[in-house]
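Mind having a look at this structure? Questions to follow.
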Amino acid sequence: MTTFKIYAAGEFLKSENEIEVINPYNNEIIGKTFLGDEEILEKAIRKAESVSEEMKNLPSWKKYEILMRIANALKDNFDEFTRLLCLESAKPLKYSAGEIKRAIQTFTIAAEESKRLPKEYIDLDWTQAGDKKEGIVRYFPVGLIAGISPFNFPMNLAVHKIAPAIASGCPVVLKPSTSTPLSTLKLAQVIDKTGLPKGAVSVIPMDRKTGNRLVTDQRFKLLTFTGSPAVGWKMKRDAGKKKVVLELGGNAGVIVTESADMEPAVKKCITGGFAYSGQVCIHAQRIYVHKSVFNKFAEKFISEARKLKVGNPVEPDTDISSMIDEANAIRIQDWVDEAVADGAKILTGGKREGTYFPPTVLSETHKEMKVCSLEVFGPVVTLEPYDKFEDAVKYVNEGRFGLQAGVFTNEIDEMNFAFRNLEVGGVIINDVPTFRVDNMPYGGIKDSGLGREGVKYSILDMMEPRILVKNI
Amino acid sequence: MTTFKIYAAGEFLKSENEIEVINPYNNEIIGKTFLGDEEILEKAIRKAESVSEEMKNLPSWKKYEILMRIANALKDNFDEFTRLLCLESAKPLKYSAGEIKRAIQTFTIAAEESKRLPKEYIDLDWTQAGDKKEGIVRYFPVGLIAGISPFNFPMNLAVHKIAPAIASGCPVVLKPSTSTPLSTLKLAQVIDKTGLPKGAVSVIPMDRKTGNRLVTDQRFKLLTFTGSPAVGWKMKRDAGKKKVVLELGGNAGVIVTESADMEPAVKKCITGGFAYSGQVCIHAQRIYVHKSVFNKFAEKFISEARKLKVGNPVEPDTDISSMIDEANAIRIQDWVDEAVADGAKILTGGKREGTYFPPTVLSETHKEMKVCSLEVFGPVVTLEPYDKFEDAVKYVNEGRFGLQAGVFTNEIDEMNFAFRNLEVGGVIINDVPTFRVDNMPYGGIKDSGLGREGVKYSILDMMEPRILVKNI
Amino acid sequence: MTTFKIYAAGEFLKSENEIEVINPYNNEIIGKTFLGDEEILEKAIRKAESVSEEMKNLPSWKKYEILMRIANALKDNFDEFTRLLCLESAKPLKYSAGEIKRAIQTFTIAAEESKRLPKEYIDLDWTQAGDKKEGIVRYFPVGLIAGISPFNFPMNLAVHKIAPAIASGCPVVLKPSTSTPLSTLKLAQVIDKTGLPKGAVSVIPMDRKTGNRLVTDQRFKLLTFTGSPAVGWKMKRDAGKKKVVLELGGNAGVIVTESADMEPAVKKCITGGFAYSGQVCIHAQRIYVHKSVFNKFAEKFISEARKLKVGNPVEPDTDISSMIDEANAIRIQDWVDEAVADGAKILTGGKREGTYFPPTVLSETHKEMKVCSLEVFGPVVTLEPYDKFEDAVKYVNEGRFGLQAGVFTNEIDEMNFAFRNLEVGGVIINDVPTFRVDNMPYGGIKDSGLGREGVKYSILDMMEPRILVKNI
Amino acid sequence: MTTFKIYAAGEFLKSENEIEVINPYNNEIIGKTFLGDEEILEKAIRKAESVSEEMKNLPSWKKYEILMRIANALKDNFDEFTRLLCLESAKPLKYSAGEIKRAIQTFTIAAEESKRLPKEYIDLDWTQAGDKKEGIVRYFPVGLIAGISPFNFPMNLAVHKIAPAIASGCPVVLKPSTSTPLSTLKLAQVIDKTGLPKGAVSVIPMDRKTGNRLVTDQRFKLLTFTGSPAVGWKMKRDAGKKKVVLELGGNAGVIVTESADMEPAVKKCITGGFAYSGQVCIHAQRIYVHKSVFNKFAEKFISEARKLKVGNPVEPDTDISSMIDEANAIRIQDWVDEAVADGAKILTGGKREGTYFPPTVLSETHKEMKVCSLEVFGPVVTLEPYDKFEDAVKYVNEGRFGLQAGVFTNEIDEMNFAFRNLEVGGVIINDVPTFRVDNMPYGGIKDSGLGREGVKYSILDMMEPRILVKNI
């Protein structure tokens, strides 16, 4: 069992507050680390500020080299990273491996984008007032960045803050989830060896009170938070003058139409609904199926859900394992019970066993039930028939959230209608809302967030344009 | 009856070679003009060269003002331009009006694009060799431009050369078709009053021999030709060091699938097939209809074709009128007869009356027939059933041309397959290949041409990038 | 004297709270209008929401038409708009005319940009996870917009909120300054006649309490505020989930180097320093001149400042007139007196006469004085020598603000250094920080604001990206 | 001594026509290879055509992987590639190493650009004719590419054809110089192992007659030629319907102004003038120095030129070695002698020794001399004083060529004037025209060429846009 030190101000540090990280599957302690205190955070902030100028002046070849060095180190230590991530999060091994692959890709994209930072060159002589003048717009790093990342993708969601920060030339202080800090701290060890200016990246697990300094301290110029809506929107209020990016959750909907190819639709919905026990922002929570194919879909879907292999996350063929903690399993049980009490039918699943919650399918739900209106963040899916496509779109739009939506269809009209009318950040045709690759703009509207990630988009947020108006 | 002078070197000139322009519908002389001789052309070239520097230095607000002034003058004299165009070309009034509207739009787009000329701003420090260096790329006018435009859109196809030339700061010498030079010469009168440097635009009708100087003279830096493939490809060979843009013809195909909405498909195919007697580069020449709906489509299509109102082009409700000259009507008769002799069936039309050729639909054709393999440039359409969508795509791809194609479908798969596999410059979903708006990239591949028009794209051809490498 | 009604929900309305608008120069009442109450505002919001869908669906040709119609109406009524603006603001006629010209240009740009809304088309197959997938990103209007504009450019700063809102398809409720609401309300009369959906634009003068609903009401999705830093930053805190754009003030600096061309530098600094009595966000407040040319510059500058013609704003040759109100004149007197008490020397001016404050030049100031550290928003300029260019850049960077800066130089090294190191939104070479044209990105960093205006940039803020992930 | 086989149609082949490759420095045979005959070429073309579809369909992650694999193999075998290149070309080792580094960078850029192929997404509803329509523009590979590369950068100039071809999905047949084919053939061995479809890249040394098929065969859709102007322009004539890109030579000029930093200017001019004996398209051939600093510059320049270390190219500290062959050395001697006979003065050098020609500086030349007006392609530099900056720009512009130019200055006015008025593809501030990095647009105007290289720009030439017009 390893102890991972905090990485702050370019140093690996201990604090007085040691914490244990446990494997949610079996409650074994798999590692230790420390909570950073005010002093350590202050040190990290000061060091970060002191390297701002150096970061701003890194040539692109140097940033490329650093970022690719990290990507390559992740490749070289792929199995270790995968296993560590798997253990701290109970994310089944195959999904853990997928996440490390994505982290590698995120760093690679950032390496490439560091050579393609936003830039504009514009004419200003559109009126006589600008005669013989032109403008070139360079984007400069915004300054010190505060990043807060959640437990469910402990690696790649942290990387979506760290990698663009390096690419844009901003120092960053990252607070990982205290449940799953180890893979990020291991990443810090890799970063430390790359020639990046010391202190440009700090990774500090913190309690909520200390971590709140990331929100309120005015030396941070941007707060980028991935987590729950309630917490996120409060942060926006308290953030002072800094920019705020919020990547929050949702209750993503899927529409399966008559023209859909049924086999792949079922298969993808299974993954979208139950991968990592639904502890995914773009978990396929609500599935609406055209009434003419509803029974067929439901039957296959339930049959497939039942086939999922439950077990130890480190087994290569495990499909579903424990939730992150018992509290969450209990909460889901409550929501399911409440739905059932209110008329919902359980088609499969529905009873937790300790921290494990089985793949659960509900039907005959209605929009006020928590399993519909809130972010379930568990392996629970509602399945309902619809009549007209416009209705299905309306159902998906119900509620406060708007992250992504999936539409299985072969009709151009439906694709167009969905794109135009689904109130979300992403409409995924013939796939689940859970689809995400790391170069696409990703983020929600309505209560699901503010701003977009996807390396290029994060970089844009992390930089400020400055125009040089000059003669020609 | 008006006499229109040549517009060369900023002056309105006569030459010794007066020509008459006739209305193809009734052979009445509707106006006179002159053929420019070598001397006039030489004068125009020299003057154009002498204003190159002034043109290059026009601020964008000035170019915008000039181009919008032209657009507004066309609006203010809309009816006169429409009528003149109608008379010289026998293009039915409603289509003539449509063309003047498009010319207005083309100038408007050029006005706007003159403020958005291509520009790049790039980092050069991707390796140490470029440390502390960056590049800004401005595009400079390529120099003197030679434009040659055809009879079928005498106004807007000339405008697609003149407007981007002004926007990019290049002087241009334009040779209009000697059949239909009047609307372009009337445009010259408008241009003359705008404050554009005199000599920046010349419009000179010429015989082929004199006109060939536009191809061979090395002072021209770009030749932009719209016309027939045979002539165009020879020009490319003879053009010396200049750049060459060729907008040639085709034998455009249409696919009507099972999922197509039949009413609009028929209606649009009628327009695509018979508007201006098919004397259109993107005339819908070959229609392939899924066998399950073939009879239904054919019946409606023929019925609609027969309803087209034949008559004097100046009547507002005339749909179809004379061809540009009898030679062309005769040529088409020959091709139709040849096809019939080879097994084709005439579903409607097929017999010319003087310069008039009626809407004609053939079936049971095969790909070697001229009506299939060559550009028919007349009101002749072939109608054939197909079995599989892949076959239809293959049929459309047959032959030397590749301009645009239309696909009527509501299936995403077919749209994707068509886009990926149709060897053309443009795939038009749920419309005929005849669809064109003036800001879209337009042009063919295979024997149909080289390069793209659509104002922004023409401007790109008319300019040369120059990078400034500087320290940061 | 005219009474201008409120323009709310597509209607011209009165309220019970009539207010008088006076000419600050002579305190004459020049017009009347009304303060909107909660009820009127609520009506405007509801109507705006009800036309959201219609606004979202306006084709670009329609938006272009509407916006150009407004621009043309401003041209057609140029003198009336100029005079009204002049009277309500005491802005000298030539500057008032300049502002109306800019408003015309802002609408024209918006018209053009409405056809060029942001759009992306990206490959998603960067990893196997995205095989055969691509993304198209369309930007949809964010929804209802709240705009708050200040007294100093009552027309063009309102237009910078209204025009991009129309271009992006968002309804907008605008609160103009209650000191200068008339030109904006006259603009509303123009807008009303254009075919824009009724209720898409409302212009409602309001007291601060009612106006605060623009900040707090959650139906607004974006707040765009131009005004003072203190008010702006508080709004950010209270804005809830909506996006916030702040265009605040500054204490802009100018550097005049040895290599500067002296004549134009002096002339431009006079305009930058005293136009509209310095009531301009990018007023050239602090001028740093290289010591070797300091005396020469100071002499000429003072001499020119004294030549400025004081008088009635409606006289065509008036250079400087009254301030917006006496309170501001008094405030400036206090700041100047305080500076003098603290050691500053008055080189010219310095004594107010009623609402008039004369062109004033101070020297021997230091950075803690209010005339240096705060936004003076009056005709007061500090003039100080510097030794090394790096020092001058440091001086300009001092303090909380960072809007724009001017640098008069002919040296590439200095231009590069300034661009890289001046902490501002815009570095203007060989011109004053006061330079702005309406298509350039404009806005501040540090305490000077959040986000950028300049039509294209505002549009970007007013829209949300939505990606369509589809097969290829 | 190794024998390198031809790489055609995915196979390593011999022909009957074996050739020897010699080291120009000592005439030792360093390797053997074969001239491809008509049959081998035909085989390569057919195979290339047969993999066109597969190439077109490669996902971007696959192209990235292939291209990075090549880049990494070059890194892994860096010394061998460097040495082979050095031996076949007599390019001094340090410059050979630089070229291999650039080839690695060119492949890396191509890998990244393969994920960023040109793409457009545009609105088409700018008029009512396009209501509810939009366009997405994908770029498809143009088809089979013919590449011809020269002896002077045998590796990187071949790579500038091969790498973008792979990135854009086009098969390519490359003819390397028969003097220096070995490094390219060694590259072929690397390419063969990457998983690229067999036959997508062929590298075939050919005699001129066989090689001419690359120009005339209509199955090639693009000819990209780097070489001499006379040959290139003739190719344009004979190329039929294919697109043609020409990267030809020049007689690049440099301007050294009064404000230039003298030390670096001299140092860079030495490299620009004599690196690889001036056998570089952007060799700094003509240096114009402001008269006030002419003597100082001339003295230092000559002194530095004399310090260059002559010798065996494989020695790490060799600065200059033999020319590619004696014929070239003789030609240069003739040109120098002719210039001297016509009044030029030799400031240093001027006498060849076998294939070696020493660093030579001439003065008192005039523009008709071959050493001024033609591409000298040898270690000969002319050095002349100028009076006014405008004159210097005029001198640089004299003659038929326009590739790149260098300007050493610290004055903004001169930079602007140079950028606006130098008739070249690239203006390099404070560096020699010899500056090139592989992502910048590179190419000439006037007789220096047609089109641009620099990976992204080559890719654009290698692809054809196709618009999909669809409903929204």
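Each chain gets a letter, A, B, C and D, in the order it is written, and its residues are counted from 1.
In this section, a residue touches a chain if its C-beta (ideal position, glycine included) is under 8 Å from a C-beta of that chain, and two chains touch if they have at least 3 such contacts.
Bear in mind that the values here come from a model prediction, so they are computed numbers and not experimental data.
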Tell me, please, which chain's centre (mean of its C-alpha atoms) is farthest from the centre of chain B?
A
Quick note, more Cb pairs in contact for A-C or C-D? It is A-C
Using mean C-alpha positions as chain centres, tell me how far chain A is from chain C in Å, no decimals.
37
Dist(centroid_CA(chain C), centroid_CA(chain D)) in Å evaluates to 50
Listed in rising order, chain B residues that touch 2 or more other chains are 115, 120, 122, 126-127, 130, 137-138, 412, 415, 429, 439, 470-471
For a test of understanding, state which residues of chain C touch chain D in their complex under the given definition.
59-61, 64, 115-117, 119-123, 125-128, 130-132, 136-138, 409-413, 415, 429
Contacts from chain C onto chain A in the complex sit at residues 98, 101-102, 105, 109, 120, 122, 124, 126-127, 129-130, 133, 135, 137-138, 233, 236-237, 240-241, 243, 415, 419, 422, 424-431, 435, 437-441, 445, 447, 450, 452, 464-471
Chain B residues touching chain C - in the complex, by the definition given at the top:
112, 115, 412, 416, 420, 439, 470-472
